[in-house]
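Labels run A, B and C following the written order; every chain starts at residue 1.
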Amino acid sequence: MPNRITIKPYDSYNVSTFVIQGDIVYIGHFGGSYDDEGNKLLSVEEQVMQTFRNLEKALREIDLGLDSLLKVTVILKDITDFNAMHEAWKQIFSKGYPVRTTITSNFVDDHCRVQIEGIACVN
Amino acid sequence: MPNRITIKPYDSYNVSTFVIQGDIVYIGHFGGSYDDEGNKLLSVEEQVMQTFRNLEKALREIDLGLDSLLKVTVILKDITDFNAMHEAWKQIFSKGYPVRTTITSNFVDDHCRVQIEGIACVN
Amino acid sequence: MPNRITIKPYDSYNVSTFVIQGDIVYIGHFGGSYDDEGNKLLSVEEQVMQTFRNLEKALREIDLGLDSLLKVTVILKDITDFNAMHEAWKQIFSKGYPVRTTITSNFVDDHCRVQIEGIACVN
């Protein structure tokens, strides 16, 4: 039986934050367009850093870290943000890289410039 | 060896409907822009409901149900359909939620407003 | 522990080409908008063929082939390229089909018309 884990603020959305089946962790979308104090983050670098901080914080609740990531989809609002996204990525991942695919999409929150989703493993 | 399963109408497309490896079921795109009688479904709510009915029907052929879903990508033509999609989602999933990511994409069929794809498990 | 494999030209991007966990191979984005001599490929058919050739070549380095693919996401710049993509797909996959989902996205390289990503298995 899969282990379905819901961490705030996902508890109000009828979705799981993580679903663990065997040693694999399936991860739904994460964003980070606001900082921990609720201030809007304007640059895509800041949003990428905050997005991975939010994911890291949630992963920590199941005793995992960003080094557990196997596969990441980076979803950008605007492909011209790619280089700035990649600069932040290089700060976050200096070894133990996941595979990555970058696509573009519109978002519900017009202020949001990046989201991520992916797959991790229980180490 | 993976178990590759093709269910109509996917048999004419050189793709599998499901590929099962171990206890994981990989699921290709499903849509639902027409009802079972072939009538066009106009609203995104109706299309979301029909899309998951189509997936449920196909999953039943391998003795699974929507409760086997671990990870779902919802692909919308228009992000302004998000709230309507989510209303339908809440009717479909009242517990045992998969993780979800929503992205936007164009579709071959201009009438289609939503598709889904994902990963499930053999319970 | 996942086995993280980086094959050129991915070594300069802080991403893995493949990450293997158990018997599953997670695959990041592949493209093929230039041929092996560095000439631009203009048609989407040619780019699809080259993209899968590039993936096949990389998979061969871990003793796998395209028949190991379980799940493929085809990412098109322009949905009107769908039929041409599918014609190439039918040449590549005559049996043992993966599941497939096709979405649209912008790309960093304006010349690129298609990318793929997916999941394979160690046979």
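General observations
Methods note: a contact is a pair of C-beta atoms (placed from the backbone, for glycine too) under 8 Å apart; a residue touches a chain by one contact, two chains touch by 3 or more.
Just so it is clear, the structure is predicted and the values come from calculations on it, not from any experiment.
Interface residue usage between subunit A and subunit B, two copies of one sequence, is largely distinct: under half of the residue numbers at the contact are used by both copies.
Rotation angle relating subunit B to subunit C: 120°, from a CA superposition, given to the nearest 5.
If you average the Cα atoms of subunit A and of subunit B, the two centres end up 23 Å apart.
Within subunit C, the positions touching two or more other chains are listed as 22, 24, 73, 103, 105, 119.
Listed in rising order, the residues of subunit C touching subunit B in the complex are 22-24, 70-71, 73, 79, 82, 86, 89-90, 93-94, 96-105, 119, 121, 123.
Of all residues in subunit A, only 1-2, 4, 6, 13-19, 21-22, 24, 26-29, 73, 75, 103, 105-108, 115, 117, 119 touch subunit B in the complex they form.
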